[in-house]
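Following this line, the structures themselves.
Next come two complexes built around chain A: one with chain B, the other with chain C.
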Partner chain A sequence: MAIRVYLLFLLFLSSAIVTYSLYEDQAGLMDWHQRYIGKVKHAVFHTQKTGRKRVIVSTEENVVASLDLRLGEIFWRHVLGTKDAIDGVDIALGKYVITLSSEGSTLRAWNLPDGQMVWETSLHSAQQSKSLLSVPVNLKVDKDYPILVFGGGYLHAVSAIDGEVLWKKDFTAEGFEVQRVLQPPGSRIIYVLGFVNSAEAVVYQIDSKTGEVVSQKSMEFPGGFSGGISSVSSDKVVVLDSTRSILVTIIFLDGGISFQKTRISDLVEDSGNAEILSPLLTNMLAVKVNKRTIFVRVDGEGKLEVVDSLSDETAMSDSLPVADDQEAFASIHHEGSKIHLMVKLVNDLDTVLLKESIQMDQHRGRVHKVFVNNYIRTDRSNGFRALIVMEDHSLLLLQQGAIVWSREEGLASVTDVTTAELPVEKDGVSVSKVEHTLVDWLKGHVLKLKGSLLLASPEDVAAIQEMRLKSSGRSKLTRDHNGFRKLIIALTRAGKLFALHTGDGRIVWSMLLNSPSKSEACERPSGISLYQWQVPHHHAMDENPSVLVVGRCGSDSSAPGVLSFVDVYTGKEISSSDIGHSVVQVLPLPFTDETEQRLHLIADTNGHVHLYPKTSEALSIFEREFQNVYWYTVEADDGIIRGHAMKSSCSGETADKYCFTTRELWTVVFPSESEKIISTLTRKPNEVVHTQAKVNTDQDLLYKYVSKNLLFVATVSPKGAGEISSVTPEESALVVYLIDTITGRILHRLSHQGCQGPVHAVFSENWVVYHYFNLRAHKYEVTVVEIYDQSRAENKNVWKLILGKHNLTAPISSYSRPEVFTKSQSYFFAQSVKTIAVTSTAKGITSKQLLIGTIGDQILALDKRFVDPRRTLNPSQAEKEEGIIPLTDSLPIIPQSYITHSLKVEGLRGIITAPAKLESTTHVFAYGVDLFYTRLAPSKTYDSLTDDFSYALLLITIVALVAAIYITWVLSEKKELSEKWR
Partner chain B sequence: MDKGKAVMGTGRRWAVEFSDQSTVPSSRDILDPPGFSRASPEQDDSATSRQKKDAEANWKLQKAWEVAQSPFKNLMMMGFMMWMAGNTVHLFSIGITFSALWQPISALQSVGKIFEPFKDNKVELLMPKLVFLALNLGGLALGIWKLNTLGLLPTHASDWVSSLAPPQEVEHSGGGFVFH
Partner chain C sequence: MTPIIRSIPVLALFALQICFIFFASSLPCSSGSEDTYTITGRVKIPPSNVIGHTAKFSNVKVILNGGQNVTFLRPDGYFTFHKVPAGTHLIEVSAMGYFFSPVRVDVSARHRGKVQATLTETRRSLTELVLEPMREEQYYEIREPFSILSIVKSPMGLMVGFMVVVVFLMPKLMENIDPEEMKQAQEEMRRQGVPSLSSLLPGAGASR
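On to the complex of A and B.
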């Protein structure tokens, strides 16, 4: 009965509050938002003018941004689409930022000060090819400044002023690939050098005004070229031949072409495969041979000569002009925990203009890129500032021997996220003083009271806001009673692990998995995924929690794996091991050992599974459950899902007792001509479900089919696998399946004719909600499928239930063939979706909200009540009271229910939810290029007072009441006395 | 109040004996006046006093029956109120239902007290008491029925199942797409 009252109470609350929303002054109290740009690919400095010094960068996350050189803040930023990779960035006319993207087919100009788009030109593109952006510095044609762009087989000259195409030259027929566009100063003829089929060097001389070919010279090179090219001067380039052992200098002076071959073995003794490095240096090129970087000078006749050689781990910048027709370049190399920045003259490598040593955090790894910029010091000498990109993708500005600012750009490419608890507050440790004295406390509350009574002045409002932000110790590094303070552990593409505090989003610790001090066996491990390894509670309270990072030593799927165990409290690696077998899948098992370490199975390419941790205790636990552990694989390319069971211990000489073989139990084969797997999904393994029963209005009972061994699979016709609306409705069909992963039984199949992917789905408790495109209606649709267990439906006798004579809590097996039935309903949804998640709470009692990451990079919270198959057009009174919403054809998008309010999580890729200790509340963390965190209470905080609850008002009321009681008592005493005397 | 009592407790006491001691002639020094018969009036009054007592007993019984039947009116009114309140859970219907439950219970607790004034050797109070009890029990039943229609009694299977956690699964499986 208590539960019923509780549920009714909940229901009341949830029906009373339709949307989650907050007031303007509540923004930023529980949520935080961090803006990033990603790993920088190109950087162009803009420091000439006396205004704000800035650097324009383009990144691997397809962001073009303008950063403040003094503070590293973002002036402006544009996130281009995921398919709109930036190929080149430059500044034209001193006021426009030019970006070339989408493989050379889109050229845009952005206004330098404020980042507004000035013009955009789509360039004709016929075939896939390398793209090239060239902004000639002093080429002027009839008051116009052409920008030369090669991409898709065409060379375009585009006006820098308005983006109009001045002329274009079609090279598709010849298969000509432009490598360099060179422009001798003072001439209107441009040289276009390229290769045909990587074996013939062709030089076109093109009139920059009309685009006419003045002359064309070509020369075959037997053996062919490989990709690397370095242009050393306006009439010479150096390329590598296809064997990577000969450097070829191509001289195309005065319309003629000549080759000059130099064997690398003639330059250095022990030569291997060479690689031309990207820095553009005048009359010089950098070649990487045998883990050394050699500098090769090219003289006037094209002769090559080695002038210097450096260790492999040296990063170099392009050369830049300094005073007196000299050019300089920067190089950075590591030495211990320090990095050494050197700026040298290109012509004279012995002249070191600048030499600085800077202490560098080990966990930033190696320097990947250097961009250097000079400025004139007050004493007329050259000063240099260097922008460096580190291995962990972070961006730092070095100037005068110090790190001026740094940006943790690794967080723009988060690949996996988990959460962890903070340490418990120790008895001895005193709580940091939040409210100092009673007077301060009262003052604060009086201010709050003023605010709530609308009496506060603007200064007071500001003070209140500031107080709220600082209040309640939300950024303390200890666990709190409500579980609001947690750590978000994020693994980035660079292989760095970050721990972010939920209170204010600061980085508590960070750790590069492949820090240089590690062993040589695995040179560049890449992190794949992140698991909670040890979550201590109950008896293992003294242990620190830890996470498991599974990595791989190469990009190949058969490359050996690496396991790394990281202590969550300290951010230190406890241990790491090269496991000696490949990793294709990691299966966390629902068992833990004495110290709360979770058992994991790691499957390799041979179909064997390996048990971790490798302890005898884990082995005995696993052997107990040996028969009940299954494993399935989804082979999307072949359209096959396979189920495996454990068979026996591995045999063979390399086998240990923690290795087990598997046998195939079942396969589900989708016909390849009609169905292609595009999406699969299971429930989150740690989701908590409060009850197995679903109660209808008329007290009717439905038993949810709550199983963790259910796989949702969506397939489309192969024709419909492409872009939306690329097929007719007749040609495309979407089919969804619910498959039991133990037996391979298909529990449910639902086909949507005339529909198409991409499918975004969320699976929780006994329901799946998925989003797809309906080609007939030309709209997006959302369908909900709820699964119920028919075989338990007989358990309806009250007396049996009261006396406990039922089998509802008995363990169930998939082999008992549960009969299920489903209910489903579809709705239109007005928005395209990037990802869907669902809130999760500690006990699973609170109603759920779908968190929909929309195409506009915002997150919409939609009550699960809107996607309820029980919705009807005219719900009865009782149904209305239960909170069933009348059926509408489309799902409402209520602007107030955007949990990101006015912010955008640019490049949104995923949403993670984690329960707080307080049942009503859930943590939401969204990641993309930006990061966003907030706390949600889908049914409002029914189990706690809100933050803005006025304790002062309560206190004042109590004091006033006590005073009133005392006064009236005194008065009544007096009156009584006078009555007596009368 | 205490002060008043204190004064009474410690104060001087005096008493006037109003009881008639005339029935005990030996204790008296003074003889009865001539022509006064001590016994005669009592014999005379006996008939009228019995009549009076009968009437009182009848009256008491009548009153007792009235009291016994009084919950019926209450019952009717409660029924009407409940019908008005409807079957949804809100403040009004909850209030009505709980008062409908409380009234019979409090009445049942104080059955003895209610029938106290009508206590008499000659009055048979059992039947009125039983009727009173029955009617109040009826009221109680009505309240409980109302409670049930409001859905606040665990009489449905759903009330017993909704707190049951989902059953454990015997088998465990994991997997998915192969890591690329």
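On to the complex of A and C.
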């Protein structure tokens, strides 16, 4: 009886909907979160006040942030919209951070201490032009000098206090491009220098209070200007002419203009095309000629004179005023693994104020940018700190000959992610020690028990937290039994490879990709994608696993590719090669060679494919499967999907026996006037499906159609391809297709009238879930499509199975026409979505959860049961028992099922899932500007005890039971004895 | 940074904010030139007992059309989207700890950029573009305070409870039953063969 009740109770428990949920004290136990900002574009120091020293930065990820100058931590940070690139950043009035963004059309002020937005002003812009932000350096706070902004053909003067536009000047008619704005302190007149059609220099004198043009002078320059401009002093700028061989000094003293030409060949002997470098130095400019940097001094009359020349590998900062009306600038050059930082006076290059050599701890490439700041040491001399941006996007602060802090900002631009196993723990090298005595162990568990019963004091809670982090051994560098410890290999836009530990998120190793051929054009290839090259198991256990990084020398798709093979354990490059052809598509094949190296095909722009690895063994394996290799290409702009197969070896054209020609099998052409491809998706090739059959409540059997050759395609009307507001419901339709990639058959077509993209989809097992916008309801919708195999539906009769009258053993061919039927259902969803992923487990038994990256940069875990086409309004009793949820018109957003709990993955771009060895658990890694990792158990950890399991409670219960048994035994003995005496 | 609250005592405290209230009561205005308009609105977060509330307020983002434009809140809670073309738009508010319904905003080209707003979740139309959270979001499960009841309710507790009932109460029940009645019941049970639930109690006693 008791057992029966207990079983019923268990049944009741298990039928309750499991949602992902976390107690507050569990945050950070399984997950980690790292905050980044991206590659720094501008930096402004704020060190005048005695308070916290900070540096304000803006980055290529559209982030404006305030960093602690002592530790490099983020005080505050704002991620602007994706189209809101920051053009300039500065500090106004000593308390506001001013950012100019969106090509000079949005000006915002942020409160310096806490990052609260103070005001926002939209500026008028009529045309595309470069933008310029000029914030006056005013020492008197009481006087409100306007902020001058040029962008989109207009010059605006904006009050720094409230963002009000004081005046604006329209330059669109003349085609005037402002190059420099000068605000001499204490003067009402501002000088605006610019070019008209790159051939005429114009100087305006504008009253800073009213915006009236006081005077205007212009002068034509025959031949025209080109490229960069360097302002060397308050009344002189230097610019290159259009042939890039003459430096022109423009002097605009008192509103007049005069030119002074100097041939570069007169300055240096071997002249070529010159380029003016961006650093602003007083009375001097830096010019890059023939891979050398020359410093040219400009004297009062505009005469030029070479004062120094340096090797090319030099980065420079702007000059900054130091004591005694002198200006200094910093330069950094490389020497092996060391970098040399020098701060010199601008007027006297022989006076070196500071010379430091810093040993770099790892290879970070060249220095891209230097920002320098000075401070007064206790002995009244000048000290300098330099903020440097490296080629791998990392940000370092150098001070007193050492790296004070560094930030791996490359991780803010992750482009591709894969996972890898850690090495197996060998005997004798075990890292773990038995550090606990039994008493310690018990104490710990008693503490935990107290914690779970809410009897713990705050100190106890802290102790528990610390103990949990320490004792779990989660950051060890060896493989664990459950597969919880793994490496996340991330490729960044800078071409750097990082290995992150899943336990605590630390960087195990990192490696900057090198081009094998150190050529001019391609010293540092940009990484495109990442593949698992070698995953050893079974017979190749001694090999280290490795990953393949496919890179490209240049930005266009026809640029030659570079392959790099990296050892996952050590982070060292095993080999790399210039492959001599372009990379359009990389196809990992389902075959491996003796050493478990996976075969890959790389398609180039000429319609050829190349086999890797280039070994005869790989070739023989490939030739065996030659007829069975198919792939497809999507030409989204033309609306064409093509299927390809192998034709022959391209030995006729080249001697390369690893090169093959292809033939086109099929094409699907979408009518360009009504449909435009916006999204394509296939199943993950390594996904595991546990069971092919699905049993219905009425004992009906459904066979899932689990072909790996299915392609999901979504198209919209060309009008609806834009933003949400750009189209009316009547004009837009969304059509989704399921296409067989072997035969090109369209298996299913579903049309949504009055809907539009963007479409975010996920494809797993036999179902697709996609998210789109419904214009009629003006709400987002999610639709699920499940595909079932009709041809095997007859096999549900047991007798047929016994008598062998079934077709289950009939060979399944990808060429045959599959008889499929689909079920689908749609729901509303209350948020915009950035990306969708699905959990994946080792055997595919555990139920699945959708991981929805929302517009608020959070990740919501939604049970697959909520997107099940079998949901009905009133499910029958049997259906309820099976776990079918009554149909609702919208999908629930349960706050507890945000796997990111109270964190945000700012700028979320992708979610990657990977199975752990334990069936119930899956790794989830989300990347954007931030990184986030957690471990999920979609159906709770049914196959292991949780970390929270209280062994102490178990032990106490057992002890208590034993004691109770003993006591009752003694009592019953006594009673029996007394009975007998009676 | 403090959200504007329409309750009287707070008003008395922050005399400055009266002017904001005044602005809030006016219709959502939009002005523009050529074909683009401006949408101005306000996010109002009710005072909450959650600590660190002000920090949350400065991290609120307002998103137009799923990421086309992103803007931030001013200290008084106002936000503005500039250069918005006429048409139907969607505004979402992303604030940690709160759930906001997306808002459908119709910017009319005929009425010089008159703005009409409707909450898409509840289909309620707004007279002014003041966005308030639909609900607070609690991202963590709340640990239930320790109570005897929760232990009793757990499967272990239920098992123990059942055992206690069997061990201590059954004999007491048995004692209360008339021996004759019990004999009757036993005979009845023998006749029936299978004990039904009603006869289970004496049956259990008989087996002892």
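Here is the rule we use: the second predicted complex is superposed on the first by the 904 of 982 C-alpha atoms of A that agree within 3 Å, B and C clash if a C-alpha of one lies under 4 Å from a C-alpha of the other, contacts with A are read in each partner's own complex, and residues count from 1 in each chain.
Here, a contact is a pair of C-beta atoms (placed from the backbone, for glycine too) under 8 Å apart; a residue touches a chain by one contact, two chains touch by 3 or more.
These figures come from a predicted structure and were not determined experimentally.
In the superposition on chain A, A:81 makes contact with chain C only, while chain B stays out of contact range.
In the superposition on chain A, A:145 contacts neither chain B nor chain C.
Residue contacts after overlaying the shared chain place A:758 against chain C, while chain B stays out of touching range. When both complexes are overlaid on chain A, the residue A:680 reaches chain B alone and has no touch with chain C. By the touch criterion defined above, A:770 reaches neither chain B nor chain C.
When the two structures are aligned on the shared chain, A:831 is found in touch with chain C, with no touch to chain B. In the overlay built on the shared chain, the residue A:630 is in contact with chain B alone; chain C does not reach it.
In the superposition on chain A, A:27 contacts chain C only, with no contact to chain B. 1, 5 are the residues of chain A that lie in the contact sets of both chain B and chain C, per the superposition on chain A. Put simply, chain A touches chain C in their complex at residues 1-2, 5-6, 9-10, 13, 21-25, 27, 76, 78, 80-84, 105-106, 108, 114-120, 122, 452-455, 723-726, 758, 773, 775, 777-780, 830-832, 834, 855-857, 890, 893, 895-896, 898, 901-902, 904, 957. Interface residues of chain C facing chain A in the complex, by the touch rule stated above, are 1, 38, 58, 61, 63, 65-75, 80, 82-85, 87-90, 92, 94-97, 99, 101-102, 104, 118, 120-121, 137-141, 143-146, 155-156, 158-159, 162-163, 166, 200. Contact residues on chain B toward chain A in their complex (touch as defined above): 88-89, 151-180.
Listed in rising order, the residues of chain A touching chain B in the complex are 1, 3-5, 7-8, 528-529, 552, 557, 583-585, 587-590, 601, 603, 625, 628-636, 643, 680, 682, 685, 689-693, 695, 699-701, 703-704, 706-709, 741-742, 795-798, 801-802, 808-815, 881.
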